[in-house]
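Chain IDs A, B, C and D follow the sequence of writing; residue 1 opens each chain.
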Amino acid sequence: MAVNKLFPNADKAVSDVFDGATIMIGGFGSYGGLPINLIVALAKQGANDLTVIANMGGVGLELSSRIKPGGYQDHGILFKNGQVKKFIGSVPALGGMPPTSPLEKLYNEGKVEMETVPQGTLAERIRCGAGGLGGFYTRAGVGTVVAKGKETKIINGKEYIFELPLYADFALIKAHKADTLGNLVYRKTARCFNPVMAMAAKTTIVEVDEVVPVGQLDPEAIITPHVYVHRIVEARR
Amino acid sequence: MAVNKLFPNADKAVSDVFDGATIMIGGFGSYGGLPINLIVALAKQGANDLTVIANMGGVGLELSSRIKPGGYQDHGILFKNGQVKKFIGSVPALGGMPPTSPLEKLYNEGKVEMETVPQGTLAERIRCGAGGLGGFYTRAGVGTVVAKGKETKIINGKEYIFELPLYADFALIKAHKADTLGNLVYRKTARCFNPVMAMAAKTTIVEVDEVVPVGQLDPEAIITPHVYVHRIVEARR
Amino acid sequence: MKSRLDEQTIALRAAREFADGAVVNLGYGMPGLCANFIPEGRTVYFQSENGMLGYGSLAADAEKDYEMINASDQPVTPLPGMSFFDSGIAFDMIRGGHIDVVVLGAYQVSENGDLANWGRPGRGATGMGGGMDLAVGAKRVIVTMLHTTKEGEPRIVKNCTYPLTARQCVNLIITDLAVIEVAERGLILKETAPGWTAPEIQDLTEAKLTPDKDLKEIEL
Amino acid sequence: MKSRLDEQTIALRAAREFADGAVVNLGYGMPGLCANFIPEGRTVYFQSENGMLGYGSLAADAEKDYEMINASDQPVTPLPGMSFFDSGIAFDMIRGGHIDVVVLGAYQVSENGDLANWGRPGRGATGMGGGMDLAVGAKRVIVTMLHTTKEGEPRIVKNCTYPLTARQCVNLIITDLAVIEVAERGLILKETAPGWTAPEIQDLTEAKLTPDKDLKEIEL
């Protein structure tokens, strides 16, 4: 039989994340789809100089209750801890919130690098990396600051920007159920960036609501096939 | 309420295919996943000068019994009828079969144009068109005839070929079930090229084993959302 | 009596633009409210860039599911025929031209339809989210916003001074004061808020507005 | 007694290369047979470029489902834990480096591992299928083929004369006569078919073969 992918807890699953690693964090940015247990474990584990790739920068525990009553921990904690060297994402901070998220504070102090990427381009750069492709042309960002320093090309009379693939050493993702092989299904909009990120990392670590025996997931409805999943943690939230 | 997408039969569903149209034909090439009823209807309808985009060229009725006992009609009939000006695909003819498929005969007589594309590049060019992107770089085909006349680029020290998106006026596809809105699910490997082609055509026409009421398909398991589907025909085979 | 439309009313007016059967994406903030104002007798399919098609209105407190949110992080309700997909597919749909209408918020719109909706002075860390993809991918771009800043500065300007989302992408602007079409020949003032005159609205607008020959009060 | 391996035996020998837990893609034709010869005690996950992971052996006549085929159009059997996906995702998986081993047929392999497996003289309409993607994407490329053409011409050559699939991609060649490793220093003859000597095999090979220090007969 093949490797056992089941880990007893989130701490064990992220124990070998190294200083300087590139980490993709799944979800859309807020509660649903965010691998909260893995994030908290990574904050405890303490790896530094991380490059974090995520759709949003996280609002931090204090502001999170504006999104969900009671609040929740998000990847803001990694910025608060000073573990992050660089952030790549589409919404580092929310314009509709006060400028007090951990990432925005750090950015304003000049203590974190930032690459802001249109959300569709972010998804496609990750998929591009996952698919072993070298890059692609998109119209999103033409004539804006996003085009700065990038190659452009006229294709069928329209201007496009060249964008490069993204990869990660680790992807921390959230799924609804995993079978013990590592096949995944998601729940509602908690799917979002999780499946694309799962495909683009050397080591994909997933937290799930429930682990089920092999054969329990409908082969037609599996969203992430098991070849993309390396570690599974069952973690209630 | 929105448009009624249900058509009474395949003939009605393809009636407005025009001379010179670009047609994507779903499936992998052989029986499973091939929109056989729509193909036969298009052969009857008689549109000419078509550009056909499909993974395989079809073997034709005579050779088809080597694939499936009893044989079946495939898009070979469109070549046999002389309806096709150009074929774009990854396997115009099978090397393991005699050179008597309708497309191969036509090609050897110099009566059809052909663009042979690696299968992964074919899938990605269609997805690229579907996603409104301008093109992408792939390593498939580097150093081969496929690279001829194409721009190449060194990305992270490796050579890549530039490939352009593909689009179609019509996609003829096969799904297992549609709801009346046009949401689709597929069955086993009959999925293959159908979902990507469904997304890349101005008008997507699907033949299904069964039409079900809205709400009957699991929202987590719908593979093709209804915005991609314009006409539905329930057709047994 | 002169009045400004509130956010709910702006959203209601914007929702009138949704044709029967339209596929509509609602941007961050105020546009999200449009889901509650679909015109009677029409079916609209709301798409959300976090991977959802065909959701219903905003969820009431009792039924909030934080794994079923729109792109503004607000829980929404399910409808029959809806589907879920990943962010990659969500943006294929957007860039691929399958969104009939997108409603976006804005900081500024220029007279030729340039849109600036994601960055403002002093907030260097805010991002564009899906706005750039939506602005180039959707068939029609409607902007909903307040006509002026808190300080009374015009938001409809000759040239955007805030960072751009996309050039020449806006088709219709709906503010608390007016409905304005972005046409080849410039900005056409189509409707005014109750009690407001065209010159009064022009005074709060940097770009030149041309009153439509059928200029009327917004009917609600 | 001198004998050549038959197709089933070539496939059986190739399947020995599959490590426990390996993800394996089987090319058109002879490689498809490998699904029937997984070594005892190992688990192998077969991926097929038409969108399937984790299928079982070839289906017997009674259980053939023509909507569940491998890339050679042969019905295969289901296994628990399998999944289906579309061609786009199938090739993401392939180019993205998730295939541990691909077994491909070939017309020619050159001494530096160039592969020609899709076109031959007089058959201008055959195509490369997924071979080019698999050859650049898989971690290890094994070729199974007959050592010579029907006319007795060598297929293992100095330079391929047939159209290429990919350059320097082949790691191991398994023929009816030999097992040959493509190494930095050239082609290493590792195993011979029963009764065949290294010089006899070299005679049927255009490229230079270096007998391995542990050269042995193929054990079956």
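By definition in this document, a residue touches a chain if its C-beta (ideal position, glycine included) is under 8 Å from a C-beta of that chain, and two chains touch if they have at least 3 such contacts.
Everything numeric here is computed off the predicted structure, so don't read it as measured data.
Chains that touch both chain C and chain D are the following: A, B. Minimum number of contact steps separating chain B from chain D: 1. Chain centres here are means of the Cα atoms, and by that rule the chain farthest away from chain A is D. Across A-D and A-C, the chain pair carrying more C-beta contacts is A-C. Here the CA centre of chain A is 34 Å from the CA centre of chain B. Centre-to-centre, using mean CA coordinates, chain B is 37 Å away from chain C. Averaging C-alpha coordinates per chain places the centre of chain A 28 Å away from that of chain C.
Counting only residues that touch two or more partner chains, chain A has 124, 127, 131-133, 138-139, 186-188, 219-220. Residue positions of chain D touching 2 or more other chains, listed in rising order: 84-85, 91, 94-95, 136-137. If you draw each protein chain as a dot and join the dots that touch, the picture is not a line, a loop, a star, or fully joined; it has some other shape. Listed by label, the pairs of touching chains are A-B, A-C, A-D, B-C, B-D. Those residues of chain D whose C-beta lies close enough to touch chain A in the complex are 20-21, 23, 43, 45, 47, 53-54, 78, 80-85, 91-98, 136-137. Residue ranges of chain A in contact with chain C, taken from their complex: 28-33, 55-57, 67-68, 89-96, 99, 101, 103-104, 107-108, 114, 116, 118-124, 126-127, 138-146, 186-196, 223.
Contacts from chain D toward chain B in the complex involve residues 28-29, 48-52, 65-69, 71, 73, 84-88, 90-91, 94-95, 118-120, 122-133, 136-137, 163-167. Only residues 124, 128, 131-139, 153, 155-156, 158, 160, 164, 185-188, 218-221 of chain A touch chain B when the two sit together in their complex. Residues 1-3, 127, 129-133, 179, 181, 183, 199-200, 214-215, 219-220, 222, 225-228 of chain B are the ones touching chain C in the complex.
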